[in-house]
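Right, one structure below, let's go through it.
Letters A, B, C, D and E mark the chains as written, and numbering starts fresh at 1 in each.
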Amino acid sequence: MSVAEAIFYLLGGLAIGSAVLAISAPNPVASLLFVVLAFFALAGLFVTLDAHFLAAIQILVYAGAILVLFLFVIMLLNLGSALPREWLAPPPVLILATAAGAAFLLVLFFVGYRGLSVAAPLPGALPAAAPAVSGTTEAVGLALFRDFLLPFEVTSLLLLVAMVGAVVLAKRER
Amino acid sequence: MLPYVWLVPALPLAGFLVNGLLGRRLGKGVVALVGPGVVGAAFALAVAIFLALLRLPAHERLYELDLFRWIPSGDLQITAGLQVDPLSTVMMLVVTGVGFLIHVYSVGYMREDPAFWRFFAYLNLFTFAMLVLVLANGFALMFVGWEGVGLCSYLLIGFWYEEKINCDAGKKAFVVNRVGDFAFLVGMFLIFERLGTLDFTDAFAAAPERLAMGGAAAFWIALLLFIGATGKSAQLPLHVWLPDAMQGPTPVSALIHAATMVTAGVYMIARAHVLYLLAPAALGIVAVVGALTALFAATIGLVQTDIKRVLAYSTISQLGYMFLGVGVAAFDTGIFHLVTHAFFKALLFLGAGRVIHALPHEQDMRKMGGLKAKLPVTFATMFVATLTISGIPPLAGFFSKDEILWAAWAAGRNALWVIGFVAAGLTALYMFRLLYLTFYGEPRARRLYDHAHEPPASMRIPLIILAVLSAVAGWIGITHAIGNPLGHVPNLLHEWLEPVFAGAEPLRAPATAETASLAAEYGLMAASVAVALLGIGLATYFYRRRPELPARIAATFPAAHRLLERKYYVDEIYGALVVRPYLALCAFCWRIVDEILIDGFVVKAVGGAVGFYSRVVARLQTGLVQNYAAAFFVGVVLLLGWYLLR
Amino acid sequence: MAAPFPWLSLVLWLPAVGAALVLALPAQAHLAIRRVTLAVTLLGFAFSIPLFTLFRNGVAGMQFEERGDWIPAFGISYHVGIDGISLLLVLLTTLLLPMCVLASWTYITKRVKEFHILLLVLATGMIGVFAALDMFVFYVFWELMLIPMYFLIGIWGGRERIYASVKFFLYTFVGSLLMLVAILVFFFQYRALTGNVSYDLLDWYGVSLPAATQALLFLAFFLAFAIKVPMFPFHTWLPDAHVQAPTAGSVILAAVLLKMGTYGFVRFAMPLFPDATLRFLPWLLALSVIAIVYGAMVATVQPNVKKLVAYSSVSHLGFVTLGLFVLNAQGIQGGVLQMVNHGLSTGALFLLVGMLYERRHTYEIADFGGLARPMPVFATLFMIVTLSSIGLPGLNGFVGEFLVLIGAFRAHPGYAVPATAGVILAAVYMLWMYQRVMFNGVTREENRDVPDLDRRELAILVPIAVLIVWLGVYPKPFLDKIEPAVQTLVERMESAPGFAEAPSARPAALASPGRR
Amino acid sequence: MVPVSHYLTLSAILFAVGVLGVLTRRNAIIVFLAVEIMLSAVNLAFVALSRASGNLDGQVMVFFTITVAAAEAAVGLAIIVAMFRRRETVDIASFNVLKG
Amino acid sequence: MQDAAAPLALPVPDLAAILPLLALSAAGLLALVADLFARGTTHEDELRGRPLLAFWIAVAGIVGTLLLIGRQATDLGRFGGRSFNGMFVVDGFGLFFDAIFLVGTLLVVLMTVEYARRERFHMGEYYFLLLMATAGMMLMAQSTNLVMIFLGLELLSIAVYVLAGFERGRQRSVEAALKYFLLGAFSTGFFLYGIALLYGATGSMDLAVIAERGGALRPGSPGGGLLLAGLVLLLVGFAFKVAVVPFHMWSPDVYEGAPTVVTAFMAAGVKAGGFAAFVRVFLGTFETHADLWGPLVALLAVATMLVGNLAAIAQSNLKRLLAYSSIAHAGYLLVALIAHNALGASSFLFYLLAYTFMTLGAFGVVIALGRRGEPSDRIEDLAGLGSRHPLLAAAMAVFMFSLAGIPPTAGFVGKFYIFSAAVDAGYAWLAVVMALASVISVYYYLKVTVAMYMWDAPATAGRPAPHGLLLAAVALAVLGVFQMGVYPGPLIDLASRSVGGIVGAGVTALP
């Protein structure tokens, strides 16, 4: 096992583990913190994929801003403890949901990764000749402002809408 | 003269329109003038046509008047037209002649009725329809008259429609007739299918070459038409409507249910004799049914107490004779009896009508008696008629009935002769019973008796004329066995009708020599007179000498008496086997098939299923987000999985 | 050449224009609304008379044709025209409309304006169905008339009106939509065969589809038409609809709407799918005969006059379909004539029953009895119509039935004989009903002083009675009009490849040796 | 070098975990958090595939995804707050006035 | 792609292409700002039915955008083509959709005045969000890159989440918003995943590139499985947006709970927006894979038509009924999609426009029924409308019959069109299923007319007195329904021309 692989498995295991804990922790705050942990692990994985800019964004924006917003809301609404009747869903639901999730993985694997045919090569081998790309801030920035100019501008509208929307929804009634 | 033949039916039609549309406003006087007037005029015209025809050579006595193309459709071309030949002329004369007398009689009989105008409208319409029937140039147009008379019969039986029993009787008549008409229609279809035409002349010309002698097609055509005739002419097994039809006003019974309409079947067979001669088996059935009907009805007539019902069964019986006549291929003889019967039976009915009229609306003979003194003219005329029907020479009935019996014998149908012979005796018996019960003895219901009075002249004169005709009409058809010794008195009717039936002569099976001997003819003649006298004697014994005897006999044989009294339970059998099962089946179709099977199991079930699944689908919509997400997710898995399973 | 005067379009669109006129009137001006509607419908009838008089007899093909582009992309054009068959049905429609208006004069008292607008829209829809020569146009009209009828039943109907109207709508709609799909399939088949894009019926007549396709498409058409006719066992909407509908609705339903089904067979299903018609012939004939007998039997035991007449329609329409499916001149001609006859006699029956209802507010037979005494004129007209309905010779019903049966007999005696028995059954139920309504003694005091017909009602009924007699005595002018169209159809059916071998075709030995 | 398929498998598992969270938790905020896990899982796939494809489109897409996530978070949390104001709970099982 | 040598050579934006979009966005921003300044002085006015300044800005914005679109459409030679690095396209197909969105939004805006007057919720933000959502739809219709489609979708969705919860004082409204939001975010995950897999399979998110590189990919070939899985997940995302069974379950609840004007907007606009991208992706890009997705979508279409129509029968709430009806109509539209030919695409456009008119009209009538505090959206509330307000009732009847597909209405011609496409493509059986589903649907459409005309009005029911602008909107819808039903020729021609470039090769166009 190479170092890269070791890092991958470590971070991957951390991401899955904290994600599982996040969705099973009764306390929302704990849940949230596990998600933050998972996002850190993901940021690490981004780094292993040479997506440095995104790794930073993942931590700064996603974990740092968005999830903190969640935390604010939890605190604001004083929801820092589990719902009265809930820890997790009742076992039958849990089993069924897990089964469905497993089924999803299975079909996704067979349809997507194996392409309905066992003999098909895995996508890992796909871009044999692909040049290595590096997600530096400069590269991503160039792509954003040149190739993806219009989408970038659209996000401005999107954020404005979200802002206005949040105000409309959350302000106290007259 | 002949081209004006269309006026013969047109006149009564005009009378119908005038009386029917304006009758209520015109008043009884005008109606009484118009109603009989048009028929009288038609009669006069008919006589003129008869004379015109007479002037022609015997074999040119055929006149066809095409009126208009009625139903042109592809190779079916039906032209409405009138056909005047000796046969239809005879019928035309009878219909208009007897019809006129009965119209006149009705003026008196119906005088008190508020719906006087309606009565004459119907009567005129009937005359029109009957004339269409007899003058029609083809089966289709004949069917118009055929059903038209049925309609008038229906309307007139139920003339006093406020009594349910009258309406029931009318309806029964119509429906039973329709059963016959159904067969008639099918017969017509078969004729068209085989012969390609419904025109009489064409059809009869084509028949010998297109229809195999004795073949199935000819048999079925003949049989189906005959079933039609059994309906109209009240033969077994479709006779049930006629006794009930006596609910109508008595002139109606006389005109429609005795003299004219009911004989239409006989006329039709005579008209279609070519077809019948091609189907000897069918003709045999006609004869057998006729003979059986004659006997069957006569036995019932023995015990009926309603004066008109006795006459009704008598009519059925006499019609049976006519069918026996035509059934043994003696078509002219059948027509002969038809003519004489028209006279004497009309007379009997009119007489009975006078009796009923005199005792307001009492028809039960057990409440009559001794009316001879009160109603002398009626009695006298009815007496003549009774003798005639009993077959006492030289009255008309003797000649015609005897000729039929002789024809049956001559055709080798001895069994049928025996039946007819017995029926002749019974006829004399029940007719004299009627006469005795009505006119002789002590009045059994004094109150009614006191009320009785002779009606007006308008009702008297037709009686007298008919009585005369009943007496002498037989002389137009004196059989050669009698005519020859008397100095070759010609058989006028036979000769007159000869051109009509002559064409079919080659089809006739040759009469066997030994049965056709003159000696036999005389012997049988004597026998039938004897049996008639025997019948009269028995009647006299039972109802004059020993009036208590019939009741004792009835008590001795209660089952037999009851059987006759209940008319062999035919109505009951029909009720149990046809009417009630039919209604039950109808109800079944409605309640079970329609409402439960189709509407319930299919329509409502589909609706119910839709409603059910609708509620199921709606209930799946629980309102819980996670259920929605789960459905979503399962959907995703299924969509992806679908490609694996494909 | 100057374009001929568009009589047909005039007759077709006049009612719609009339509807717009009525729309402009104030809702409270009942009398004005009625008068305008009456005038429009009378005018419509007047304009349809030239159709009859200018119609050239003995000419095969369509007359009064008009054509204009509508949706060119799909090959859809406004193409109308009539032959003898449609001519009679158009005339029947225009004739009955003023009568319906008159019959509603006092019957309809609520929402008068809406009623008359719907009636006029319905008129255009019905005439359109008979005049359309483009399948799309036909379908549009076919469905268009559904809506006004639905409202007529649903708003002005009896107690169960909503159930009945929805049932009516759904039933009809099921068949219609499948027919629409079939029309489209035909369109694409036609395009594949000829390369042309057209919904024109006359174009479609020119192609012959493979037998298997024909069978499927025929079934779709059959369902639509069989429901409309209605043929057994698709008839159960009819009694409900009839019983609940107001008089005018019943009249139009019976007289015209049902004819759309039978007309559909003649105009579309049979000529477009001759092979399939032949293939299903035994079924079609059997269903027709069952309808005749079954309808009559169920009618016999109905306690409700309108229901009785409704079931009698099932029976009568059985004669029509029987006639159409025997595929010979007599049968089809008789069937077509019987459509008209049924329109007149059953239309008149519903008018009569409606008049009774206005007087007594009931349809139950048991509530009547003895009405002939207070209403002699009514009784007379009722009797004429009754007799027409049971096919008395000399009246119109006979001619049609006779032709149908004689045609049926020469082709399929086995079906014709039980069908002929329907003649008996008709007498049973009609006369029994007549007796219980008009005859017998008066058992209810309310029936003693029922007023007889007034002038308005006479004006409705007498023309029908006259026509009943006319068609019975001298149907030739009408038969002459139908003849070429029927001949065309018969030839088309006989030229179908399956005609000779069809299980139903007559054995050669039995073929008529007549004047053919 | 870790093959891209490993990343993709990891991403799929994370996605499934997120789905599981949505399906099993009744706390609206935790459900929403589970959705965020799903989005992040997809992000991982994007980045991995970006590497595999040899272009940056996938990474740019992640950038947009995060932006969208932020916008959604703002609106979504506002909705949850509004709901809480009316019902004093964030239990989504209790929000079932609308059904059928 | 990245050229390090020219780091600052930013592309010159092709503003002419996005001018309509800019105009609409500008109008939205203007409305937001105008409301900020106008609030307080005119608020009482709009309660009296006098529309706010923001309203007029919105109307002007929509009409102006329509004009700009018209200008582009009439001169496609000049304006047509892709721009912004292949992100955005101006073509007949997209413009047709834009027109549908704008007409729908215009009608919604007109209807809002009445609703706002009654429910006192008139504010600039509303118009802003509405116009932004419309902009999102236009982006979806005109995007040729999955990134753009995603962003358009989100722009639309987020705006509509807010709009659904706009009446935050009403629990139902907020519940609707919450449900819509949670499920929407959930489905976004799948949608994104789908994009990722497609990206993995082809290395691009550009539709043209995907079509080019993915055209030959089949399950079994390298990347074929990814493509297929991505396609399915993308399908799921779209299916959710347009409410296709089994991804439809949000829609009845949300439609019922949301403010009626917003419901109308969702039923017409959001669905149309979702379909715009759906059609472009599946007919344009993945036409070559129709053998793969066709049967699957057919299955979904059948389920959607049946479930939608069946469930609608059981409803007593009009909004909910219309929600199920709109689910069923999504099924009908899928049939047009499945036909995957030019006829199918053009019938799709035609039907969608027809659907916009009839469904918006129906919601307009529902709005007209209400009174302050009483939504009056049950079927019973329609009782006797035929006599209470004949014109409104007649309009509603027209919409119902059109939805049911009865001539001479737009709905009929549309169904006829779709049937044609299905039959032409060999999917006659699907047309039959659709026909049967329509029969089921007739039952509940009739139920509405029954209530209006055949039930007696309750004594308490008054005569609705809707605002003139609402009536105008309804009248416009009626006009549209009849125009498309009676004289559809020109629109059919337009629709046929509009789909010219969209459908993949190998399709027979109707001559």
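FYI, a residue touches a chain if its C-beta (ideal position, glycine included) is under 8 Å from a C-beta of that chain, and two chains touch if they have at least 3 such contacts.
As the structure is a computational prediction, the values presented were derived from the model and not from experiment.
Any chain that touches chain A and also touches chain D is listed here: B, E. Listed by label, the chains that touch chain A and also chain B are D, E.
Inter-chain contacts peak for the pair A-D. The innermost chain, defined by the distance from its C-alpha mean to the mean of all protein C-alpha atoms, is C. Taking the mean of C-alpha positions as each chain's centre, the chain lying farthest from the centre of chain C is A.
Among the other chains, A has the CA centre that is most remote from the centre of chain B. Chain C and chain E have Cα centroids separated by 43 Å.
With centres set at the average Cα position, the gap from chain A to chain C is 70 Å. Our note on geometry: chain B versus chain D, Cα centroid distance of 97 Å, whole angstroms.
Centroids built from CA atoms put chain D at 65 Å from chain C. Within chain C, contacts with two or more other chains are made by no residue at all. For chain D, residues that reach two or more other chains under the stated contact definition are 8, 18-19, 22-24, 26, 31-32, 50, 52-57, 60, 64, 68, 71-72, 75, 79-80, 82, 92, 95, 97-100.
For chain A, the set of residues touching two or more other chains reads 97, 100, 104, 108, 110-111, 113, 116, 123, 125-127, 130, 139, 143, 147-148, 151, 155, 158, 161-162, 165, 167-169.
According to the touch criterion at the top of this document, the contacting chain pairs are A-B, A-D, A-E, B-C, B-D, B-E, C-E, D-E.
By the touch criterion given at the top, residues 386-387, 390, 401, 405-408, 412, 415-416, 419-420, 423-424, 428, 431-432, 435-436, 438-439, 442-443, 446, 449-450, 453-454, 487-489, 492-493, 496, 510-511 of chain E touch chain C in their complex.
Looking at the complex, you find that chain B touches chain E at residues 610-611, 613-615, 617-618, 621, 623, 625, 627-629, 631-632, 634-636, 639-640, 642-643. Listing the residues of chain E that touch chain A in their complex gives 1-2, 4, 7, 9-11, 13, 18, 25, 32, 84-85, 87-88, 123, 125, 128-129, 132, 135, 139, 145, 147-148, 151-152, 154-155, 158-159, 161-162, 165-166, 168-169, 177, 197, 200-201, 203, 219-226, 228-230, 232.
On the chain D side of its complex with chain A, the touching residues are 1-10, 12-14, 16-21, 23-27, 29-30, 32-34, 36-37, 40, 43-44, 47-48, 50-57, 59-60, 62-64, 66-75, 77-82, 84, 89-91. If you check the complex, the residues on chain B that touch chain D are 618-619, 621-626, 629-630, 633.
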